[in-house]
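Heads up, there are several structures right after this.
Each of the next two complexes has chain A plus one other chain: chain B in the first, chain C in the second.
For the complex of A and B:
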């Protein structure tokens, strides 16, 4: 099982009515890869990520995880961090982090009490220190900064030790300085936990900095009479080494596009 | 920036950006109330100049005396303190009706909002049911449940529950999908998601739905009491109407309004105490 790819997509397409978003998508990703996914707005990057999460199903083709078809719904083998709404606003920081444990221990209602809860809260001390939220453990997410919320979201997504971590523009709303800290945290966790990571981003520099492999989504077929007839697919699939300072010349134009589309969608 | 003589510069600010000071705010709040009472006192005064025995606009003093008598002097016939008896009976009916409506709203609202099959089964049915004018069901309730407490409570339930159910189901559907998916990736079962994600996110909205539901609840309570009852605030008002006893009716209306206001504020306070995370941002009415 470990010899084969972790995730493989075979001829995957996604259509909504007459509109084709993705088509002819083929991909094999080995275990432990850090795939960054870039492309213009509306070219199906997030759709692909949602299919990896089983939030949506491919219209054609199939996606396999460890050689078996993906489950039909989100499960604990794949963790997810969204750009927003990623943590539970009604739970304090520490309760957000013990929730997965409570689900495991209290099968019926998912709520632990008394000493069991106290023990669960003690278990997360290290995690809280690692993400720098030790002093904020009793705060609600709305009382945290955007960067702190996303650190909490990442820590929460990793509670079940998922083999695959999916990130949908997780740092899109953060300041550049805070982003750099988040990159360090994320890379540290990735190396420590040996996960396979898929990360959608608008920031091409971020994609090159973090990824071991970059996937560029774009439309290659255009029908001027029916702009929605053809979908996007993976147009570039480049392995990266960490020393790459930035995008190679042939992708410089794309970098510009990606930047402008970030501005447009912001 | 500042003028040399130390005066701070006065900027003209559009009215949407001007906030009243605390004193101004309290004054403005009191203004319409004081104006209403003043206008009433004036009208009552001139009416009683023409006819000292006028019943339509009794003086404030007369109403105060009557209210005191209703509250603290035992009734000659029954020996009860009528105001407290009426208040107690009405609040019991209101509480039981609202309690039942709230339980229905929470359970059905979560089912409809969270489980697509339940939504297909129940949402159109409840939408249809909510279009029936509740008061038209009152005769049916009287026939089925008799003239006792049950039919009055049922009227309140019928009048408030459908709207509250719809409001709660909508709120459940408005929970960001991301949170549900997150719970799924943390290994939650459906029941666990309901108890740890959906229910806590819905409860503050449920309190809101209760506050809005109280308005029709009072209407149907007073209606039911007016039509068939031997006690209650609505019963008393419609009873003394026969004697043109405005000195009872008007204080009772003010009393009912005060009760409604207090219940509303208590619910808001409950929401702020029990769900602090829900009130972390923004003003609320």
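For the complex of A and C:
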């Protein structure tokens, strides 16, 4: 493994037709960082994560993983958790995880052999325990609380043993009380598995609580005649220490105006 | 006017005819339903996956079948095609082929709607896990679509079952055929067709009950809470 950054972005831009969503993104993220990403709705945070996952490709510039260009498709070194719809409602908890291992089967073996199936079971058991779902393995997602469903989504992502974990508002739909538990779970996994994490959130306190670094996406160039001509970029990139009580004064207003500042382009 | 149900059914010959006819109707409907479902899956998949030529052909086929009367399709299969292709099958086989073709078009349309109703987030989640497209379809889209569309497939099947009476027209000894035969012998039309009505209702409700039981056991995830 190289000593350089885990992930780097050089002058990355993303456009859809005439609409520029992101532009001039430059970033070096060292291995093991926990980057939280905040910004107005629609400014391209999810798009950025999808590019990191290779579900989208940059329109300009390039993104590197371990100093090499990103693979052209999602690979097992990167996992993602969405806000919702990432668990499969027609499968039990256990079968959700078995399906999540399908990538290995189809890519490497074609079929899983007896011994590897046994190993797969052991790994699924292990993951279920780690994530606190041991007693729910035969339940369907509809029988789980929102928090448990997100645990399952995280478990699915972790089965690939990713070195980079992408989280797109993973706790956005959860009650505040449950969120605190999920934060503990996530921080524990991050430390144990030594992953590099990118997490999008609309909750600025969550961003400060969890991150070792915060990235603020915002659209600073505006052309009133052509609202789609310019995209958002990273306007603040600050290191955090976990002891921070909360956002520094210059960012205190962010959480509140996050949803309105680019309302014109929505 | 007096009704004489007993007169018709005291003859065990007539009862047997009705029972056999009901059996033929049920068998052909079930056979046409099952094979039709398989064919419908191929049709719907080729359209959903936008397979170049096949997708277009499927679309045209579905439109063609759904915009022509079953009885014309039946005559075409039973009398038209054999002239062209030189085959000669028993009546029931012509009926089975025609019903299969007919059912498949209606099922295909329902399945296709089902495939498109699966939230794109499910596809993205599968892709993000690195699962191949074909596997995502087979293990995520298809089972969820069939579950979502099951009630529509169910009532479509019942509806189609009730239209199968037209196969009597090509000489298949189904339930309707049995009724027409008994009527022609006894001239007790009211009693005969009352009896047919009751038998069809009982059969339709039985199909419904069985299909519902299958739904509850095959798609537990939709009913658990």
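Here is the rule we go by: the second predicted complex is superposed on the first by the 228 of 266 C-alpha atoms of A that agree within 3 Å, B and C clash if a C-alpha of one lies under 4 Å from a C-alpha of the other, contacts with A are read in each partner's own complex, and residues count from 1 in each chain.
Quick note on the criterion: contacts are C-beta pairs under 8 Å (C-beta built on N, C-alpha and C of every residue); 3 or more make two chains touch, one makes a residue touch a chain.
Small disclaimer: the values here were computed from a predicted structure and weren't measured.
By the touch criterion stated above, A:86 is placed in contact with chain B and with chain C alike. Of the two partner chains, chain B and chain C are each touched by A:53.
Using the contact criterion defined above for the overlaid structures, shared-chain residue A:162 touches chain B, although it does not reach chain C. By the touch criterion defined above, A:68 lies against neither chain B nor chain C after alignment on the C-alpha atoms of chain A. Shared contact residues of chain A, touching chain B in one structure and chain C in the other: 53, 55, 73-76, 79-80, 82, 84-91, 99-100, 102-103, 106-107, 140-143, 156-157, 160. Within the complex, the chain B residues that touch chain A are 176-179, 181-189, 191-193, 195-197, 200-201, 275-278, 280-281. Of all the residues in chain A, the ones that touch chain B in their complex are 53, 55, 73-76, 78-80, 82, 84-91, 99-100, 102-104, 106-111, 140-143, 156-157, 159-160, 162. Residues of chain C touching chain A in their complex: 119, 121-122, 124-125, 127-132, 135, 139-140, 143-144, 147, 219-222, 224-225. Within the complex formed with chain C, the residues of chain A that make contact are 53, 55, 73-76, 79-80, 82, 84-92, 99-100, 102-103, 106-107, 139-143, 156-157, 160.
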